[in-house]
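Below, each structure is written out as structure tokens.
Next, two complexes with subunit A in common: one pairs it with subunit B, the other with subunit C.
For the complex of A and B:
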């Protein structure tokens, strides 16, 4: 009974050891002015900046801009990807017509679209939303398609024997069986959206976490840059964990209901 | 028999080509009859002429080569670091406990966010290469760990029967049987690197390269050349992916024959 707990504590301790060591090293190097303090910032200054930006509400304002953007782009892109993925998996003709074009478009790395989208949509909000949607679109499309396409044939035969109609087939057979793959799509898609929103804000923006990072760099205030990076990482992690929790409870709910 | 197969194949090809052909035709007609602003929307022949011009003056090949060399550097640096890290974490539980939490924490940060930091650390080529290397390192490390952890128990048993030493076990059992998984990591890493080389050339511009060229063309409103660059970037990425998949197939068939020989 005792040993697993002890194990956990030692794992936690070992895991904290390296980051702790790095923090202390940063603090020592940063305060000793051995290296230019523009690069190695002592952690206490980063922490002070974090508290400062939090208390003035600046950090949360920028974060809110980024989150609104990512949610908008993600909703549009992954929604379209989901619908197209379902349609392409269910109707081979749609797949045959759309697949070659989509495969070709998917070859362009997402940042390759930036100049083109700027030509079409300018550099304002519209550009960012379209850019994020495009980033969110492909992983969702591919995973939804694979998920539904990969449903074992025997399931479909069982459904046919029970004479399920389309809606019932979708709800009782295809959707539950494809759920893990769809969730992989959602997680990938949100991760890429988050990366893209930061990228878009680095390029052209006057608010948002990506902008905060650029702004800090322009002022040579590395503590702001670090606070931005930490915020971006943490927010992405929280979103990912949130989705994982949602996935877990949805799976459980499905198991209970079927 | 053969004829029907061919016919369905042709029909399929036609179905798939229908939409791209339609879009191309629409693009051609819209630009030909000046239904859209010709300045922002170049015609297909503008794009072709633009390509021929940059091809002839050599700037196209030059920038493409810069990007390819850059992606190779970043990928090789990141992948080899990731491979070593993956081996270390995969083999040693202590290393896993020590490094993994930090590794996973850093991994949460989307790579573009590092760009402003890297610019301050070093201006110029090293920061771009480092930017790419960070992205290439994660998938290689993760897949190597995965591959090492999934080495079959039977293999370890065999090595025990033959009294392999630690080094021999590592070289003859662990490395070869985890390699296909590493290769998957390498393929993902290379495509991430190609994505990041374009990003790096936009975020940290003025070092040449196809992304830099694209960015410059946008600023000069040479939209025909922007399209040339996009198509080139897509084709290079596609080719890289195909090559890596071929490599993967070679090694996975090698794994299957190992399995069958057993």
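For the complex of A and C:
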């Protein structure tokens, strides 16, 4: 039997196996010039560029731009999605009126909105925030709705026998029961916000991680592109893990249950 | 303790509209239950016993005829009737004490705590106040569910196959516990079960129901002194009587002579 600590370490190690293998492979391919090293940059040069961009503060400045945009768009989009999801779950009439439209809109890939949004909002901050909000909106809406709508009838019957009023029903039954689903919505919504900020910055921007990637390509400096991609992946991973940790501490009962 | 809790069921009839013809779930149900009586409703699956119970608790409120509690016709759930379901239906996100406190209304925090503590004591869950439902065994969960149903001092406690999911030994142990709680609280208890021995061990009165349409086949009074002896001769005799109602009794072709 492994102790929990050892278990954690061995899980971490297993997760690093494949990335490590890829790095070694890249190093071998890159240094052997089997493929041009401008395209498959050996990791030691990517690492040098990473250190360089970190020491000049450039990387963190770009990262800050992207994160601020994500937080703004995510807050607006997921907030709206949450409120609308709750309303639709509680009032069938609202659901009947809005569901067809929302289902149809949800079929449009997020990048399908770009031309339309550009005409409406230009290509500056406003465009990016609206674009991210739109991306964050749907997963939050759907998961909030499903969570509250899907609260087991058995729990509602318990609430009825105790004559819960509406406020008590929401606070004591609907929200806690829907929380796991709402959290799934938050995780998906933040993830997709992060993807769309990079997308928006690739399209039109003069700062941010997405811009850094485009800029690297324009200079044909693939090491900058790699640093950008690694930063996007790592930041997204940290956000996801952070939310997971928060979820675990908020809902101990849920993990044990399922 | 209140000496009310008299239930009068008169000509109750319940039909669900079916595709070809209506389904008669309950037909001509007449039954009087005295305050403080322990009554079991027993019958095969589909005889309408759970439907009848759900009408008494008020989760189903459309019916023909009258169900009167202390002379008042029932219409919907109320705090004067508590219910314990077969699946304990504790809220998984709340601790035992919070689950039990759930139904208490109009009390100060201090009074609430006293009520919760005394009921935890009553059902023998001391030391498990802070546990979550996933940490409890089946028997302990049902104890918590019983406590939750009793906090508002209902006139009637309804039990819908409360021990159906427990193993045989825990079940017998819970029979003693239920009897002890019933004697201490002095309230009317109505239990739906399909276990003949359970009904005999606990009840003053056994209502045998038959199916299609669901109706009362026979009402048997059990006057055996308490605590009852499951291995006793009178107990066995009564058991034969009940089983006869289901055509399940053993034929004795001869008797012993000295």
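As a convention for this text, the second predicted complex is superposed on the first by the 226 of 258 C-alpha atoms of A that agree within 3 Å, B and C clash if a C-alpha of one lies under 4 Å from a C-alpha of the other, contacts with A are read in each partner's own complex, and residues count from 1 in each chain.
Operating definition for what follows: a contact is a pair of C-beta atoms (placed from the backbone, for glycine too) under 8 Å apart; a residue touches a chain by one contact, two chains touch by 3 or more.
Owing to the predicted nature of the structure, the values given are computational and were not obtained by experimental measurement.
Student: Look at A:173 in the shared chain and tell me whether it touches subunit B only, subunit C only, both, or neither; answer first, second, both or neither.
Tutor: second
Student: Tell me which partner touches more residues of subunit A in the superposed arrangement, subunit B or subunit C.
Tutor: Of the two chains, more subunit A residues are contacted by B.
Student: In the superposed arrangement, which partner chain does A:241 touch: subunit B (first), subunit C (second), both, or neither?
Tutor: In the superposition, A:241 touches no partner, neither subunit B nor subunit C.
Student: Given the touch rule stated above, what does A:157 touch, subunit B (first), subunit C (second), both, or neither?
Tutor: The second partner, subunit C, only.
Student: Using the touch definition from the top, say if A:93 reaches subunit B (first), subunit C (second), both or neither.
Tutor: It touches subunit B, and subunit C stays clear.
Student: Scan A:8 for contacts with subunit B and subunit C and give back first, second, both or neither.
Tutor: neither
Student: Once the two structures are superposed, pull the subunit A residues common to the subunit B and subunit C interfaces.
Tutor: none
Student: Note which residues of subunit A are touching subunit C in the complex, please.
Tutor: 154-155, 157-158, 160-163, 172-173, 176-177, 179, 251-254, 256-257
Student: Taking the complex as given, what residues does subunit A use to touch subunit B?
Tutor: Subunit A residues touching subunit B: 10-11, 14-19, 22, 38-39, 93, 96-101, 104, 107-116, 118-119, 191, 194-195, 198-199, 202-203, 210, 213-214, 216-217, 220, 222, 225-226, 228-229, 232-234, 236-237, 240.
Student: Where on subunit C is subunit A touching in the complex?
Tutor: These residues of subunit C touch subunit A: 57-59, 77-79, 81-83, 85, 87, 89, 91-94, 102-103, 105, 132-135, 152.
Student: What does subunit B use to touch subunit A in their complex?
Tutor: 12, 15-20, 23, 40, 94, 97-102, 105-106, 108-117, 119-121, 191, 194-195, 198-199, 202-203, 211, 214-215, 217-218, 223, 226-227, 229-230, 233-235, 237-238
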